[in-house]
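As written, the chains take the letters A, B, C, D, E and F, and residue 1 is the first residue of each chain.
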Amino acid sequence: MNKRVAAFGEVMMRMQVPGFDLLSQADTLKYSFSGTGVNVASALSRFGHTASLVTILPDNALGEAAKSYVQKLGITSQFITRQGQYLGMYFLENGFGVRSSRVTYTNRLGSTFNTASADAYDYDTIAQNIDAIHFCGIALSMNDGVRQHMVALANSVKKQGGLVIFDCNYRPSLWGEQSYERAKPYYEKMLTLSDIVFMNEKDALLTLAMQTQKTTRHDQLLDLLPQIAEKYAISVIAGTHRAINGDNTNSLRGFMLKNDQFTFADELVFSVYDRIGAGDAYASGIIHGQLTNMSASETVAFAASASMLAHTTVGDTPMSTIRDVEQAMQGFVKDVER
Amino acid sequence: MNKRVAAFGEVMMRMQVPGFDLLSQADTLKYSFSGTGVNVASALSRFGHTASLVTILPDNALGEAAKSYVQKLGITSQFITRQGQYLGMYFLENGFGVRSSRVTYTNRLGSTFNTASADAYDYDTIAQNIDAIHFCGIALSMNDGVRQHMVALANSVKKQGGLVIFDCNYRPSLWGEQSYERAKPYYEKMLTLSDIVFMNEKDALLTLAMQTQKTTRHDQLLDLLPQIAEKYAISVIAGTHRAINGDNTNSLRGFMLKNDQFTFADELVFSVYDRIGAGDAYASGIIHGQLTNMSASETVAFAASASMLAHTTVGDTPMSTIRDVEQAMQGFVKDVER
Amino acid sequence: MNKRVAAFGEVMMRMQVPGFDLLSQADTLKYSFSGTGVNVASALSRFGHTASLVTILPDNALGEAAKSYVQKLGITSQFITRQGQYLGMYFLENGFGVRSSRVTYTNRLGSTFNTASADAYDYDTIAQNIDAIHFCGIALSMNDGVRQHMVALANSVKKQGGLVIFDCNYRPSLWGEQSYERAKPYYEKMLTLSDIVFMNEKDALLTLAMQTQKTTRHDQLLDLLPQIAEKYAISVIAGTHRAINGDNTNSLRGFMLKNDQFTFADELVFSVYDRIGAGDAYASGIIHGQLTNMSASETVAFAASASMLAHTTVGDTPMSTIRDVEQAMQGFVKDVER
Amino acid sequence: MNKRVAAFGEVMMRMQVPGFDLLSQADTLKYSFSGTGVNVASALSRFGHTASLVTILPDNALGEAAKSYVQKLGITSQFITRQGQYLGMYFLENGFGVRSSRVTYTNRLGSTFNTASADAYDYDTIAQNIDAIHFCGIALSMNDGVRQHMVALANSVKKQGGLVIFDCNYRPSLWGEQSYERAKPYYEKMLTLSDIVFMNEKDALLTLAMQTQKTTRHDQLLDLLPQIAEKYAISVIAGTHRAINGDNTNSLRGFMLKNDQFTFADELVFSVYDRIGAGDAYASGIIHGQLTNMSASETVAFAASASMLAHTTVGDTPMSTIRDVEQAMQGFVKDVER
Amino acid sequence: MNKRVAAFGEVMMRMQVPGFDLLSQADTLKYSFSGTGVNVASALSRFGHTASLVTILPDNALGEAAKSYVQKLGITSQFITRQGQYLGMYFLENGFGVRSSRVTYTNRLGSTFNTASADAYDYDTIAQNIDAIHFCGIALSMNDGVRQHMVALANSVKKQGGLVIFDCNYRPSLWGEQSYERAKPYYEKMLTLSDIVFMNEKDALLTLAMQTQKTTRHDQLLDLLPQIAEKYAISVIAGTHRAINGDNTNSLRGFMLKNDQFTFADELVFSVYDRIGAGDAYASGIIHGQLTNMSASETVAFAASASMLAHTTVGDTPMSTIRDVEQAMQGFVKDVER
Amino acid sequence: MNKRVAAFGEVMMRMQVPGFDLLSQADTLKYSFSGTGVNVASALSRFGHTASLVTILPDNALGEAAKSYVQKLGITSQFITRQGQYLGMYFLENGFGVRSSRVTYTNRLGSTFNTASADAYDYDTIAQNIDAIHFCGIALSMNDGVRQHMVALANSVKKQGGLVIFDCNYRPSLWGEQSYERAKPYYEKMLTLSDIVFMNEKDALLTLAMQTQKTTRHDQLLDLLPQIAEKYAISVIAGTHRAINGDNTNSLRGFMLKNDQFTFADELVFSVYDRIGAGDAYASGIIHGQLTNMSASETVAFAASASMLAHTTVGDTPMSTIRDVEQAMQGFVKDVER
């Protein structure tokens, strides 16, 4: 039942100051490579699928390091092109308590990925060799070139009968001035092409500018998402409600809307080590559930536990196997497993 | 009043991934050497006794490193033999929150210690040079060769008038199929030879297959342990009830049964850094109390505080001095001691 | 509105065992350089002032390293003299939970700073080039030589019309036998010379041997500090009430007495990473407020937030900018700032 | 012209003490995973081929780490089976000058690879999906189980028309008593099955017990290898003469015998960082030359330069690309390439 | 006799893989900040001058870290502006023996420094507060904006009576196609404005397209440089002839042309740790000699030894004091100085 | 034939900057504990003797760390007293090539060892439990208190029939003004008490102010040492001639004078990693040879090889076993020993 899944997206170099030092205090960085596509493909690889990344990496030592890294995560590199010179990067300083973590980007828009030429990807070959493809809203925010690649590739996959998956993943800071208005048409285009979509009521209210009489997040969700599913003919919409608690724990409740039916996972509460990438773990769990025909309730429970574990894992990228997730679903924590 | 105490047991190499990375994420290991015998001998050395280890280490660079390490802990190496090539090892990946720590062993049964020949130890010389000896249930689970050494050495010490101490330390995974039934006769043999025993009601119910009408742990303890003390003529039985709380704290209550009298320490609640070896710290505290004629209530309070501190210490091995334990018993925590 | 502020004090080398190991377990130290003067000057530099340090550093590799380090913190080195051979040092082992952190000093009294000759500083040149100077009670405890420098320099600054600031910072262990009695006259001398003083009711009761009928800390504060302000003609007295809570959080409430008026900041509760130097951050916040004519309530709120952030920062020395403090004053914590 | 090449062999965990400390001085290890098969497959992957590893890794955290590591090197994991619990390991202490490096093995014969069952590999599926397979003498020395897998797999590949490559790689210490006599029949069997063989005159004299009147290494080579090529119908025999010079440099001269013709590379002299795996780099260069129809002189020059670069590379595994090797062949060294 | 010297130039973040790993092998980087201006200002600060840097750093955590770093080096930050978001960066992989070190740049032209607006620097204020300013050919290669700043600032300094110093520092890769022709007019402009210039015969032949009948480097030098000094009215031209020897040593011979007189330093031969920045050390030595009226022969000897020491120092930036250089000039090496 | 040997001397904390950074560049130190006594006792422990250290360590965390460290080296801690607060320390910055290593001391004379009271050691108990004791000239240079302990302890050992060993180990910088004259009477006193002495002709000429007509080191040695042996009734005088060569190698020739007979070892030439402590390794080799009745030629060969290996070892303290030394004496270096 294992599937061939690709993820389209940029690989970013993450350079993290170890411990809790600031960049102006330390002299060492730990580096890794990540991105929504990397995270999703890595998670699906650990769930037993053949997962590949559709991206462009520079043809130099940084690109070589990035390629090695994603291969280490179990991702197939057959759709990785090498050209150009620049890689998107960010620096991460860990916060502590009331001091937030801080991210500083380099000039991402000049990266090899974000300046790829129109013929950089062979859409049809990719589409013929996969069962599903994952896109995300971060790539959508970059520029017209990237957006054209996304639409063209989604069309090719659709034509070949593959599943198109889209994670709204809206980040206001990436869209600049009047961000919601600028983003809306591109989001609508992607929704039209998608079979599985990740979003919640905030995307409906802000990005799609929908309106509702409801006042609670839960009621807004129940009101708005079925309208979206119908309007854009989306089979599955899934997402989470997440809360940051005062004591370094998070609360997470996953949901899925399928065949007009909402299914909610139990709320999970847990300590957080590194929350970056935990949303991608949730998405990967839902995708895995759909690709392997799990029931709706199994799917949301699996995805929520996968996301919970990703909060306890070093780095952006989910590292859990099916065995790990299933054990976490049983809710029993040993202090040492031996 | 300081005594000469030996501990019989295997030295294991502990190789720990720093931070919270998995083995598949990291490239560095921190190593140390430990084992129940190492932990108990180290703790007793810090309490002022002359503590030695009865063990076999390979005659190569690993054995040299292990010997250096236990010497560093203050353990006398006079009863350490060097032969063979292999050392037991385990890898430790630290868990975080809902993700458990994980231990992966190498082929321990092939170690120099577990394949020692029948004449590997000079029981009588050892017995003549010590006041007490400590054994534990982990060594008992290994194989017949190790078990024969344990019984023979315990007999020699008993004959010389020394104290025999046994920590049940039952680990089901080490006994394989039908583990309790397999283990029972060997445990009974050791109990017959022992003066001080570490156990609680679970050992009675599971390993010794005893029965009780009582339903709470506390009542079962009060019911069963006096029967054991009488049946096997054991002077002192001691142990703890420990609970893992949700907020990364543990609760610990120590007890001791001596002269038909139970003494309980106050329950302690504390944050946990590394709980491996904390049971050995408790045992060492009780042994120290007995060797230095502390009262029962002093003994359990001292042992419980020693165990509490061991939960806050890096590595398997207790590092606290009498001064440290006594300060902890006063229950006042300064943020910086200067 | 930026000012030229100097701080007088010793630079200490801080050598910290990484993680939670003891000195007897580790083999590596992380080093930095700090001291009350360093902390205050660094904080004020980040708040936009020209901050210098009045001190003596040895004329060798250690002095070179210390000088480089304080320059890195943004401190001007024009009043740093280089002579002699020795630097004060301390070793820091991090505690965990019920196990306290532990500081071990080297022979501090033999340091270049504490053995400086009578003509080591050019009081008048310093006084002519600054608007304010900060002293602290730790330097006052050292020896007569240091105390004479403090009084002479304070007098010079006063004569030039500069502000004299004194942080009582009383440490009993530094004053030896009958410490309060020995310290009292020196403290009184400094109070007489000072415009801004950091202290709370404990300094009044213990160091100054004052008496009160009041029983709560708050009431004692309200009773005693106005008497001190009047007696010694001090414009501003400020300080904090701090409590260590059981769950690794601290509570902090800042206050300021000015023009017979007490102003209190809201109590802040927060997790603590490294509390050394957090008092200096509070002092720096008050000084900044006074130098820039902030209102009393703004000043205590700013100082309390600056101190709170210093509890979350690696090392002794505050690292927050005005932007950081103002953001923390708004009380909203993002998990990642990007 | 890129080919599908597999390498059969064990993955070993290499745990290296950083710097020049002994195991008894340090507390940290750097780990990686290697083996002749890993080295050859990695090198060929960097030369543009699809390289896979035929091996068995334990089904635990160590196996996961090993699998991730070889994927990182660019090796396809489709023929890696996961079962059992143990991985071969060795510890490496770096020597300096007159103090040799020292390797300490764990119990390698108990590893998952060396205890694989008779049906562990699907010979035919593997053979149908590759163009060539590489074996080595280290695996041959292990036990009958491993030897049977080697012969069966070589037969399958031969039947499918694939190339069989064998590196004699004789290590006396692995064959125990009367090692040459014990090894001879197994070597002869592999030679019979092989198309490309790596060896030199020492293998002929010692392992195959051949005799010659010649006295220099060069003359013995010229005398003996053609006899072997003829007797076992081997198309290509290649190897090196290597010398350790006093000044931390090595001298290396590569050769190849093909169609009764010897071709020698120029002797290279170079500084050595880590020589483990440099022989595998040479073999990979020859294989690459043969798979891509390079001329004999190009092939030996390429292989010798690849081997030279592997001496300058951290770790066992060659990391050079074709571009790197070609640049090294031009013999010009820049101090910084920018 | 100490002077106020500024250096104009970009601060680059240097991220170096520790040891000899490639970026694709490691996961850690050591970072520092450097650039020709940083190196020259740091060296002159250690020689007792007040050295400042004229540059622009981004107004974020990276800019803060860069500013802290250059302050640590003893550089005054009064002429450092903070604006924009991007910092030039490069990655450095250390070579070994025949394997060259490798530098990979990020998109440097988009940096805050290279995109500074026309009014970014206050030329006159800077010029009024310094005695000399240093420029270099790397900045000259960037773009018209940077070149306009250089010329305008040089003019201001000249007008105020300050010295203008220019290091040709020609890097072909930075000038793109037809690099010498493109560079020539800009170099000529800078030479016209300069009092002290660093160059050798290669700059004359290639960048200035001069011609000579002479064939050796030495003779070409003697022939061409006096023509340049005369044509552009340059008081001092200095430079080095450097050779990379086979055994990890370099040979260096410094020269200076002043008042139509060539002075040569003795050739130095020495082992090399990190050669980046060693040319800047030479330049700093010459500048120091000129600013402090050393004789020509003292000056070249001092500069050559300063450069030699910079080859033995970690990082790009010279760290030697006058005492260090003078000791090195005596040519006696102790194994340990204590 | 193993003996009980004690060494009297101070334990110093060595804090070394890793790599080749200066203290002003780095932020991390590697620490260990050493001293001539530590080095000699450690070496003799590895040669199979029971080696103890007669010293005083502070009663705090630093003393605990020092004690653990020397135990790790195999040294028995029975004659280590714990009192006072201060430990001697030094910082080490590694040189490279023409840049010398640099040592910076803390205030050593205030250490617990150097301020020990008159009754700090129980001379007779120590003397009764050992066969030989080692002293060195570094301790002799400290102050009268230490010198009185040395003489008293040497007398006690002599009275009990033990061997007294003295290593002249003259360091001019430790004796201050007119150092040779000040030192001479103390050296003469120790020579009078000693059976085995380490020195060479320089000690004779400078410290003892002897005169000779001979001009070469070798001839001076032959002339002067027999006079010393006779005058002070010394059984064995041994030492080395060492030369620093230009290419990071050292040359070493060991000698021994016994029964009026000189024996010389072959000159050894070898690369140097860390030369501190290599003289102590030579002394330990000679002592071992004498204690185990090796012939003179065996003894000097053994000692010279032990010293050579100590030059290749990390840290001050020799780590070689008899097996290591014997292997080095055979003069064959393998690149990897496996």
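Simple rule for what comes next: contacts are C-beta pairs under 8 Å (C-beta built on N, C-alpha and C of every residue); 3 or more make two chains touch, one makes a residue touch a chain.
Because the structure is predicted, anything quoted here is derived from the model rather than measured.
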item: From subunit F, the most remote chain by mean C-alpha position; value: A
item: Chain separated most widely from subunit C, comparing mean CA positions; value: D
item: B-C, C-E or D-F - pair sharing over half of the A-D contact pairs; value: C-E
item: Between subunit E and subunit F, centroid-to-centroid distance (C-alpha), Å; value: 47
item: Gap in Å, rounded to a whole number, between the CA centres of subunit F and subunit C; value: 46
item: Centroid distance [mean C-alpha coordinates] between subunit F and subunit B, Å; value: 41
item: Approximate Å spacing (C-alpha centroids) for the pair subunit C, subunit D; value: 63
item: Junction residues of subunit C - those touching two or more other chains; value: 22, 24, 27, 68-69, 72, 102, 105, 247, 272
item: Interface residues, subunit D side, partner subunit B - complex; value: 15, 22-24, 27-32, 60-62, 64-65, 67-69, 85-87, 89, 91, 93, 102, 104-107, 110
item: Subunit E to subunit C touching residues, read off their complex; value: 68-69, 71-74
item: Partner subunit C, residues of subunit B touching it in the complex; value: 72, 247, 270-273, 308-309, 311-315, 319, 324, 328, 333-338
item: Touching residues on subunit A, where the partner in the complex is subunit C; value: 19-22, 24-25, 90, 95-103, 105, 173, 244, 247-248, 272, 275-276
